[in-house]
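Labels run A, B, C, D and E following the written order; every chain starts at residue 1.
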Amino acid sequence: MLEIRLQHRFEGFQLDVDLALPPGLTVLFGRSGSGKSSLIKAVAGLLAPDRGRIVLDGRVLFDDAQGLNLPPHQRGLGVIFQEGRLFPHLTVRQNLLYGARGRAPNLDRVVEMLGIGELLARRPGGLSGGEQQRVAIGRALLSGPGVILADEPLAALDEPRKAEILPYFEYLRNQSCPILYVTHSPAEVARLATHVVVLDAGQVLRQGTASEILGDPDLVPAGIRSVGAVLEVRVARHHEDGLTELDAGGVPLFLPRVASATGTMIRIRIAAQEVILSRTRPEGLSALNILPGTIDSLRAGEGPGALVALSTPAGRVLARVTRRSAETLGLAEGVECFAVVKTVAIAREDIGRG
Amino acid sequence: RDVTVFAAASLGTALEEIARAYEAETGDHVTASYAGSSVLARQIEQGAPADVFLSANTDWMDALEGGGLLAPGTRRDLLGNALVLVSAEPGTPVTLTAQTDLPALLAGGKLAMALVDSVPAGIYGKAALTSLGLWSGVAPSVAQSDNVRSTLALVATGAAPFGIVYATDAQAEPRVHARATFPDDSHPPITYPAAALTGHEQAGLPFLTFLATPQARAMFERNGFRVLAE
Amino acid sequence: MDWLGPQEWTAVALSLKVSFWAMLASLPIGVLTAYALARWRFPGRQMLNGLVHLPLILPPVVTGYLLLMTLSPRAPLGAALEAVGIIFAFRWTGAALAAAIMGFPLMVRAIRLSIEAVDPKLEEAAATLGASRLKVFATITLPLILPGVLTGAILAFAKAMGEFGATITFVSNIPGQTQTLPSAIYAFLQVPGGEASALRLVAVSIAVAMAALALSEWLSRRVARRVGA
Amino acid sequence: MLEIRLQHRFEGFQLDVDLALPPGLTVLFGRSGSGKSSLIKAVAGLLAPDRGRIVLDGRVLFDDAQGLNLPPHQRGLGVIFQEGRLFPHLTVRQNLLYGARGRAPNLDRVVEMLGIGELLARRPGGLSGGEQQRVAIGRALLSGPGVILADEPLAALDEPRKAEILPYFEYLRNQSCPILYVTHSPAEVARLATHVVVLDAGQVLRQGTASEILGDPDLVPAGIRSVGAVLEVRVARHHEDGLTELDAGGVPLFLPRVASATGTMIRIRIAAQEVILSRTRPEGLSALNILPGTIDSLRAGEGPGALVALSTPAGRVLARVTRRSAETLGLAEGVECFAVVKTVAIAREDIGRG
Amino acid sequence: MDWLGPQEWTAVALSLKVSFWAMLASLPIGVLTAYALARWRFPGRQMLNGLVHLPLILPPVVTGYLLLMTLSPRAPLGAALEAVGIIFAFRWTGAALAAAIMGFPLMVRAIRLSIEAVDPKLEEAAATLGASRLKVFATITLPLILPGVLTGAILAFAKAMGEFGATITFVSNIPGQTQTLPSAIYAFLQVPGGEASALRLVAVSIAVAMAALALSEWLSRRVARRVGA
């Protein structure tokens, strides 16, 4: 449990937040310049806010009323900075082990995951942007922190590399290591977040679970594509043809093989623009996933689109359709219809262990 | 036994020869520290481990004596020196009288001297020029150095056409030409006093005595000094 | 003030003038030399480096002698300079030259250290924006090394305020022309009982230098603030 | 026309490319550490390759045989560096105008596009990561360069901000300003690229037009989601309900309003995983876009998926389906079927002027 | 070698010893002082800054004089130190002390300049990795300021090789004890015909200093390479 109440003024910018973050991974989401990095720095002890109080699991890290400001090295955090901040005079290996106090049992594992085995003897000077970022991630992870603060850790990485690193953050989240994670990527939000905080001009615009935030059509901080539903489903069976069958409130959904064991709950995200609606159960489509439901609400958005919220046995599903289609199909509140989701349209990155 | 001698830097060459001779004769070891008399005197005031002090001027010896630092009865005026007018260019001898037109001689150049109010050679020089009635005429053209050797260098390099230095210094510098010697009575006697220091008589006295031997006198004289001691 | 005679005040004023000009005149050469030593590889670089340090290594009197020997009217260089109207001997300009040379190693070292700390990536970025070498230097490098230039300048100024050995050997001590504060102080120290007068001048010297220091600290804080946040 | 032939060795890394880039925007694509930034630096004159020759529109920038190496400031390039490289002692305004030689007629426009109007008087020190990146973009653009080299210029930006800046790069590309652009984002590739070069460990793995590269199922440098078809279509009509009708080889496709004038050709991308196949023409679906076609090829990929290539009147369309669906539907070479594409599934970022 | 007498060789050896220890002993204090001046705000900071610069500002003779007055066996502080076995007066240790004090402003300034150029973001990063202030200093700051420390050390060493005024005033010119190269050169210059001998010593002095310079350049290139690519 991380409580952050703070106010801080920069010229022309005022940060003012009051948050109580549950365990798990909290994503800080918000536009460039909205105060995400400043918030991270305040928690890390690198920015003393004008006013406020920061408490981690009952331990007071900062309290201006008490005049208390724990120095960074006593806070037990692992920070991944937006700008790398590698130590130029140390080798990659020495950078990685800097915070490890001589004990880094998972060094090999982290090095392998980050693909930096060949860089160990080099100094950061000649590393590529992405290589630097990976070393910075490794350095923070290997310091064995009680809390991880990650500021856009994957921004400079290619998709395959991201796909290799994301599971590690999931793993950490599930190890009950609290994580504060800044990202601009909706896919990362949906996959990782236990909790999402949306910042705007230094204020908390909204906060809640990933499904609440991403499912809120009024809130499109990251652009229209981030609207979608996040469903908690159970892994029902692994089929031989490489598909995993999920149980979504009794409805079967199919996904490419998911690593989780049968019976575990996982989280999937269905982006609103990837859902097709049909009044009749469609036949003969390559899409395997069809969820029956009732229309809860239908709201015209800006532009030619409309957002349809559907109650299904699996939970609330959102669909973005054109107003023209909505009219043609006669969609309206209370109307029953079917949501068609392509198997593979449930993006790999959007699967997270619940 | 060791003897430590604090001596004015200008005595260096002569004293080194004498020290070698003294060592050869007595088997004692001589350690000499050469520096400006003011520096050495202050160090002696502050408890420097000197046995014998040879000053280039009487003022500092007086100061030490006043402070009770000299072994009573050991002070004596050891050496004398003469003051000469030197020039960068060779030329006819100059007669120094009240009528001498030094400014004309300088022709707009400088007269190099040691600091006229604080360094002995400068003090003597100023006294001599004053008593000859030449000081006020030449004062604006005087360039003062911190010691006689720099004065000599100013002339030797041609920076200054004339300079006033000790005869001992002029004699050894081939690039300068002695043009006149100041009359002895135009300035207070140039004396180098020597003394043993209180509490250091045992080490100091034998060396002080040796300085008066004919052997030592010869060495001083060879370096251009006048030996005053009896 | 009463406690300093007119001649002492003249020495104070002269020392200020000499130190100021010594610092100012050597600054461009110092920056250039530091830049050359930090960035260029050329034959004779080690030589130049050694030469710059020489005044630090040699006893000041020796430096003074060497100056005297090269710049006196009898020396070819001195004669040549005199022919074009540049005269150092027995002038305050000579005192400034001696002070500048004595402070030069300190100035160059400070500036060079700053140049070596400049991130070449910024200079590269400026070049890609079309800036010539000279423009890059003037608009990027120079502003970024300002703290080092300031440090170098204040070191040179302070050294000039304290320089004695080389100055008196080279240009001697002519009240109003070349009698700087240190010469005056030295003169007082040569005579028994002169300590009190010397200490008065020392106090003036300290006061001046402290004011210069405070000024430089203030300036460098301003520079730092500008670069910082 | 930019010809780049060069070889350069770092310890443990060998860059060896031979490229002739057509006018327009060339995207450099490739995994972290594959040599993209090094290539950019070589063109910019910041890295003298061991061997090679770089010629821009007949002007030789570098030629080791001739011993010629034009200094950066004579190359007339605008470089957006991966690490910002803002001048810390200059204000944002001074940074922006640094390369402008006093003439920056489009200052206001660029400043507005980048949303940095309020930062002009500040120094870079306190800027957020994204703010720095925007200033860096502006600085390069305002120097009025003949060629733009952009190294992951949008990596640290939020989606709405990206959406504001992308059109500017399109505009520049169409102004015949050659651009070399590094990105990890398939959406940016599809939207911007005239030409794509895929680097791998310092070698050119593949190069070609955006549709060739993204449509190549063998080549998934950016992960499975980047496979898709890029179609050239004509803007047919703007409807009143906010939809734009496109003419795709005679087949009508509908998109949310596109800014291009009627009659112009534009480029759209249809990602393979967003296409649903049906043996019969589907009825009553919210999806408005249905392309009839014939199956060209069907290849099983790794995992449970299969990639189906379809000849349609609009061009070649790719669909990723599960093998299970392929069997159920009886998909095979030569079979006729229909590709269903949700209107809004054609992502906004994937629309580019052709 | 023939052309230097045993006493001259003694002076060379002594100068090396004095300069080496002056540099080495003042280095930790110099680093600490530079760090305090660069990073801490405390009452008396300006005073400390002034004090550090004093030896640069004052004529060396004055510094020597002040040392003599405070540390001679007759002075209270000197007597107190002597009681606990620390003796500077008229010992080589005193020559080292004088040289160290004269070189101190140069050393501190160089190191301070380097400290001010260290990116605090790196130190912050180290702190978030659990490093205490001391560990941050030892593992991040210190390695990064190594070029400055090297420059400071070489300046202090060079200054010590050339220091004359303060040394001879404080500890006199006793062969084998306090007669450093510059004192020996001075002694030769004070006697008729001593110039040739003085020049021989000047040559030795230059040779030693050039060797030290070359060594420091080599070291700092190594340091730079380590940090660079």
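Observations on the structure shown:
The rule we apply is simple: contacts are C-beta pairs under 8 Å (C-beta built on N, C-alpha and C of every residue); 3 or more make two chains touch, one makes a residue touch a chain.
Protein names from UniProt, one per chain: A, D = Molybdenum ABC transporter ATP-binding protein; C, E = Molybdenum transport system permease.
Computed from a predicted structure; not experimentally measured.
The minimum number of touch steps separating chain A from chain C is 2.
The chain with its CA mean position farthest from that of chain D is B.
Taking each chain's centre as the average of its CA atoms, chain D and chain E sit 60 Å apart.
Work out the mean CA point of chain A and of chain D, and you get 25 Å between them.
Chain A and chain E have CA centres that are 57 Å apart.
Among the residues of chain A, those in touch with two or more other chains are 83, 126.
For chain B, residues touching at least two other chains: there are none. Among all residues of chain E, those that touch two or more other chains are 61, 65, 186, 189. In summary, the structure contains touching chain pairs A-D, A-E, B-C, B-E, C-D, C-E. The part of chain E that touches chain C in the complex is made up of residues 46, 49-50, 53-62, 65, 105-106, 109-110, 112-114, 116-117, 147-148, 151, 155, 158-159, 161-165, 181-182, 185-186, 189, 198, 202, 205-206, 209-210, 213-214, 217, 224. Residues of chain D touching chain A in their complex: 10-12, 30-33, 36-38, 82-83, 115, 118, 122, 126, 128-131, 133-134, 151-152, 155-161, 163, 184, 186, 221-226, 239, 241-243, 254, 256-257, 273-280, 282, 284-288, 303-305, 319-326, 329, 331, 340, 342-345, 347-348. Interface residues of chain E, counted against chain B in their complex, comprise 61, 65, 68-69, 72-75, 89-90, 168-169, 172-179, 183, 186-194.
In the complex of the two chains, the chain C residues touching chain D come out as 121-122, 124-133, 136, 139-140, 143-144, 226-229.
Note for the complex: chain D touches chain C at residues 44-46, 71-73, 75-79, 81, 83, 85, 87-89, 98-99, 101, 123, 125-126, 139-140, 143.
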